[in-house]
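One chain, chain A, appears in both complexes that follow, with chain B as partner in the first and chain C in the second.
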Partner chain A sequence: MNGSQMQALMPILMLSLTAIVLMIQASIKRDEKATWIITVVGILLALWGAGYARDFSQPVTILLQVDNWGLFFTALVLLASLVTVVLSQDSFSSEGGSKEEYYLLLVLSALGAVILIQSSHMASLLLGMELMGVALYAMIAFPKKGLLPLEAAVKYLVLSGCASAILLFGFALLYAATGELSYKGIGEKAALAYISNPLLVMAGTAMVTAGIAFKLSLVPFHMWTPDVYQGAPTPVTGFLATVSKGAVFVALARIYMDAELHQYESLILALSVLAAFSMLIGNLLALLQEDIKRLLAYSSIAHFGYLLIVLIALTGSEMASEAVTFYLAAYILTTLGAFTVIARVSREDQQKSQISEFEGLFWRNKIQATALTIAMLSFAGIPLTAGFMAKFFVINVAIQGSHWFLLSALVIGSAIGIYYYLRIIFSMSKTSGNDIGFRDRSGDITALLLTVLILMLGSWPQPFIAFAGGL
Partner chain B sequence: MENQYANEIWPLAIYFGMVIMLVVTMLALSWVLGQKRREAATNDPFESGVVSVGGSQIRISVEFYLVAIFFVIFDLETLFIFAWAVAFFELGWAGYLSITVFIGVLVLALVYQCRSGALEWGNKTRTGLREDQLTTGEST
Partner chain C sequence: MRELIGLIPLIPLLSSATLMLFAGHLSRFAIGLLGVGSVGIAAILTAKMGIDFLGNPEVFKVTLWTWMQVGTFSSDVAFYFDGLTLVMMSVITGVGFLIHLFSTEFMEEDVSYARYFAYLNMFVAAMLILVMADNLLLLYLGWEGVGVCSYLLVGFWYQNSANGYAARKAFIVTRIGDTLMALGLFLLFTELGTLDIQALGDAAKDKWQVGDSMPLIACLLILGGAVGKSAQLPLHTWLPDAMAGPTPVSALIHAATMVTAGVYLIARTHELYLFAPIAMIAVALVGLATSLMAAFTALTQHDIKRILAYSTISQIGYMFLALGVGAWTAGIFHLMTHAFFKALLFLGSGAIIHCLHHEHNIFKMGGLRTRMPVTFWSFMIGSAALAALPMTSGFFSKDQILLQAYQVDGIGPWLWFGGLVGALLTAVYSFRLVFVVFFGQVNTEPDKDTGWRMVIPLSLLCILAMMGGWIIIPVTQVFPLAVFEHPAHWVEYVSIAVPIVGVIIAYLIFLGGQLKVDVFTNSFVMQKLQQFWFSGWRIDWLYDQLLVRPYYGLARALKLEPVDNFYRLVVTISQTFNQWLSAGQSGQMRRYITSMVFGLIVLLAILVRAS
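What follows is the complex of A and B.
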């Protein structure tokens, strides 16, 4: 590994350094405030590193691929981590009252996500996924109060462990069939191996798909999502929904493109079924939810169904890679915006996330109520928000690839979606008479910034589209 | 292609069937021929003739688990160092540098464990509290 390769790894190096510094700091003198500052500085340094590494795009060993596309998502993931750190500051307390380790775990989890985004080899994929996952289990179980976080963590741990095992077995089968573990290598040899040994390739691909679909909570691998979303402390839920899922989707897109999987009809069919079920079932089950975190869990299932359409139509359209970038960016920003407000409203008790808790929010805190409204409109895909442009891209790509079946599922799903997104807005505008306002500077600023970003992506998207096209 | 798989797999299928048959036969025979009793001590676990005492769900101190985990972790780290050691000359200075960083991080992790009280038995000082503060829960 030479100097320029080390420079290409700048964001990864910065995050690793932050984790080590945090560990030293915790062993010298415990001080939550100092830990918080070190974490923020570390993530900002990693963000700088992501910009710095742009000039050094190249494959680093066979494990990692540093390119502009990956670096953009690295920056996005780091931004989401930063928001999580800001939200976590006074959101929940831990056993013993101090939570230095929480920030350490958060940095490690972000590091895993960055590795996952830049991976070009099954080994680094698994490494990144596990680093991200194992840190997340502990983050979910961190709050002191209540059994729900513990239940969520155990559920996520056991099911995620199963999914990883299936994924690993899939890799093993693909390795047995092709003798390769890098995405490109598998792609080159899979076609030949498929002729001589169809069962092995098919079983391997199915298992890898199932493992990744679990992490993206696509139907029918979605059972864990609502419980984990509800049980986890809200900042962690936001982190899980944006960083974890976003990174896994980028990895999936990379496998899909590098290994040229679009030539396998059966895989396309399988992905189409997953996408259609996710869109329909995700949206239908979201109708029944009374808890806003559970509702957003089902909504995220549906959104990853929409995203899969882009992947399926990847070759049929020139816009597809831009569509992935745009949709994922819009989804991450919108989700962060929504969870920012939810985390601040239920600051006292992380389990207080019933929709009824949000009644009269417009009278209690105008900025955050507006932010949540914009986020919900963006989820629903109303014009002038990022979600509209994102959905526009998806529909465009689906029409170009003439995937009419998936398109109709998307239209039905979106129509159902509007009902439950608007329900939250209605609930916020209902006054109960004695609404006491609350002041919350860090939450207001974060929510405001994210709202501005969402509106900018939606109403003036040209610069970003040009930027995404150049990635 | 399909036929070839079928040819290779039929002994396995027969073997599988035989295993199932054997198990079913054993269970069925002992159920038909065996004596059936319903008495006070029939369902008690057999503990070498002694009547068993207490529940089976004992709380085991979490320290045992911690020690086991640390053993596994550090054992695994040794494996990485072995893998480097056998290729010492081939890897040269780059390998030496990598393993130095690796061992350095490992030492830091050990320091962190010591300081956070993971290696202590009994009262934990993980939270950075003194022993007398642990009960009241106030932070320093």
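What follows is the complex of A and C.
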């Protein structure tokens, strides 16, 4: 490994360094404030590293692939982590009253996500995924209050364990068929192996797909999502929804492209089934949901259904890679925007994530209410928001690839979606009671910045499209 | 002077606006002065224009401003003045003035005195625009304007819901004709590229041949409009119900002016009709059929105003007959004389109703000859003119129509014969009315007298109804000269004799009693026939079955918003699925794992199936 390769790994190195410094700092003197500052600085350094590494794009050993695309998502994931850190500062407290370890876990989880994004090998994929996941279990269970966080963590742990087992089994089958574990290697050998032993290749692909589908909470691997979203502290839910899911989707896209899986008709069929069910069932489940965190859990199921369309249409469209980039970016920003407001409003109190708690928010805190409104509109895909451009890309790609069946599922799903997104907005504009104002302005700046970003992506997307096209 | 022509419709319009806006601040006297005076000034101006025109018969056109311009289409607010316009304007402002004057007494005790005159002035303005318009679009504006005023005045006593129903019926039924007419205008514009009435005639000469299908369609569509407004078959059903309005309104709108707008329209566009002989025959047949149907119906009515209403329908049928046989001048002449004697009859009936506690049933009247002499003589003269007894105004006009109808090739004698039957019936029903109401025993005592504001209009109209036949209307420039060959003398003698015979029959049955018809009328067949006629030939019933009921049914069905059911279904389906799926989110991990395993099996099945 030469110097240039080390430079290419700058974000990973920076996050690792932050983790080490945090451990040392915690062993010397427990000080939540200091820990928080170190975490923020560390993530900012990693962000700088992501920019720095752009000049050194290259494969680093067989395990990692550093390229502009990966670095963009690395930056996005780091941004999401930063927002989570800011939100976590005072939204919940731990058993002992302070939460130095929480920040350490968050940095480790982010590190796992970055590795996942840059992985080019099954081993690094698994490493990244488990690093991210194991840290997340602890983060979910971190608050002291109530049993729900614990329940959520245990559920996620057990089910995630099952999913990992399936994923590993898939790797093993693929290895048995091809003798390779790197994506590209599998791609080169798979065609030959398919002729001699199609069953192994296909079974392996199916199990890998199932393992990843769990992490993306695609139907029918979605059942855990609402319970975990609801049970986890709100900033952690936001982290799970953005960092974890985003990184896994990038990894899936890499496997799909590098291992040349798009050539198998039956896999495309399988993905189509997953996408269609995710879009319809996700939206239907969200329809009458009263808990906003559960509602967003279901909504995220639908959104990954939409994203999957792009993957399915990948070969049929020139725009597909841009579409993935744009949609994922829009989704992450919108989700962060929504959870920023929810974290402010509901804090750690589980009762307060009911939609009814948001009634009259417009009269209590205009900035938060506007931010949540814009986020909901973006989720619904209303023009001038990032979500509209993202959905526009997806629909465009689907039309180019003539995926009419999936397109109709998307249209029906979106129509249902508008109902529950608007429901939240209506609820906020109601004037009824609940005027116990919260005058806390701490989250306003974050919310405002994210709102501006969402609106910019939606109303003036050209620079970003040009940028995404160059990745 | 010519430029002042614009003032003639403007003054009543301004008066109407003033009455609407400042009704609360005006005394009753001021309201009456404004309402009657504005029409009076319009009448004086019209008279002045008429005298000028008779001295120097020069047709002219005054363009006030460009109304609208769209691409190549432009329409001016422009007035066209010729002999036909003059006749119509004279009738509208002259008869209109007398009726306004009459109204001041008739409506004396009504709370909505100002509203009444506001509507009536607005009607006069709209009617003047209709007859003065230089192009069909402006004419259409007036056409719709009088329709609205008619609606407002029929439903004037809106507290009674039956009146509101009659008003709606009048509006909707005429609306059907209006729509046909609008279609006709569109067709004329696309075919001939203009709506200017004079230009239309020239363009038609260039583009059309006699007998083409395009002029036929256009003329039939315009006929549709005329049929609606002039209450001819099959759109006549609104007029008898329109009698719900105040009686002077019936005199002005539903006898003298608005209902004759259809006659005016066809006369105005006669150059187009000359290209469509079939349409002309259609006009004549519609007119004759309506005339007979309405005459039979009038024979059996007992509401004084309904008798007069059916009589109006019947007389306008004569005008249509005249137009259809090319006797344009005779048609317009009859329009004018009819305006005189029918306004007289309506005002006379108004006087009776006014003095008899709003009694409408002629069999509850009787013996009024000595008690209301002015009204009696009004009715005598009006009925004589209506029956076309010699030397009355109606005689001159109706005689011309019948004689010219006789001369039409082929069907002429039949048209003449039909017209004669109608004339006989007219004489019978009009003198039945006179004999029943004014002779015999007194059934109801009048409780007040007619004042001067009623007597003067009645007297003046009596003179016009008697002498109107001597007026020579200045329309020789407007219509092509009729090739008038005097028919055989016996035709003329029969035409003159028939109304007299009718009067004698009426006398023998209703007054003298020499002719006993009870056995005949009480027979089963005649009873049924009388009921049939009384109901207006069951045409209302027919429309009720064919149109009104199905429409109500449709409306009732749509009231339940059947289309919404589809959306409700969507909602129900979504909610049902939501409930099913939510039930699956039980929180139990074994279920979650089951779902995952199921998913894995599905994926394996899909992928492995192919290999």
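To be clear about the criterion, the second predicted complex is superposed on the first by the 463 of 471 C-alpha atoms of A that agree within 3 Å, B and C clash if a C-alpha of one lies under 4 Å from a C-alpha of the other, contacts with A are read in each partner's own complex, and residues count from 1 in each chain.
Note that in this section a residue touches a chain if its C-beta (ideal position, glycine included) is under 8 Å from a C-beta of that chain, and two chains touch if they have at least 3 such contacts.
All values reported here derive from a predicted model rather than from experimental measurement.
Novice: When the two structures are overlaid on chain A, which partner does A:L199 contact: first (chain B), second (chain C), both, or neither?
Specialist: The answer is both, since A:L199 touches chain B and chain C.
Novice: Touching A:G3 in the superposition: chain B (first), chain C (second), both, neither?
Specialist: neither
Novice: Quick one: classify A:G470 as touching chain B (first), chain C (second), both or neither.
Specialist: The answer is neither, since A:G470 touches no partner chain.
Novice: So, A:I416: does it touch chain B (first), chain C (second), both, or neither?
Specialist: second
Novice: May I ask you to decide whether A:W224 touches chain B, chain C, both, or neither, giving the answer as first, second, both or neither?
Specialist: The second partner, chain C, only.
Novice: A:I20 in the overlay: touching chain B, chain C, both, or neither? Say first, second, both or neither.
Specialist: Only chain B is touched by A:I20; chain C is not.
Novice: Which chain, chain B or chain C, ends up touching more residues of chain A in the combined arrangement?
Specialist: C
Novice: Once the two structures are superposed, pull the chain A residues common to the chain B and chain C interfaces.
Specialist: 198-199
Novice: What residues on chain A touch chain C, complex-wise?
Specialist: My answer: residues 155, 158-159, 162-163, 166, 194, 198-199, 201-203, 205-207, 209-210, 213-214, 219-224, 226-227, 264-267, 269-270, 273-274, 281, 284-285, 287-289, 416.
Novice: Would you mind writing out the residues of chain A in touch with chain B in their complex?
Specialist: Residue list for chain A touching chain B: 1, 20, 23-24, 26-30, 95-98, 198-199.
Novice: Where on chain C is chain A touching in the complex?
Specialist: Where chain C meets chain A, its residues are 574-575, 577-579, 581-582, 584-585, 587, 589, 591-593, 595-596, 598-600, 602-604, 606-611.
Novice: Which stretch or stretches of chain B touch chain A in the complex?
Specialist: Chain B reaches chain A through residues 1, 5, 94, 105, 108-109, 111-112, 114-116, 126-129, 137, 139-140.
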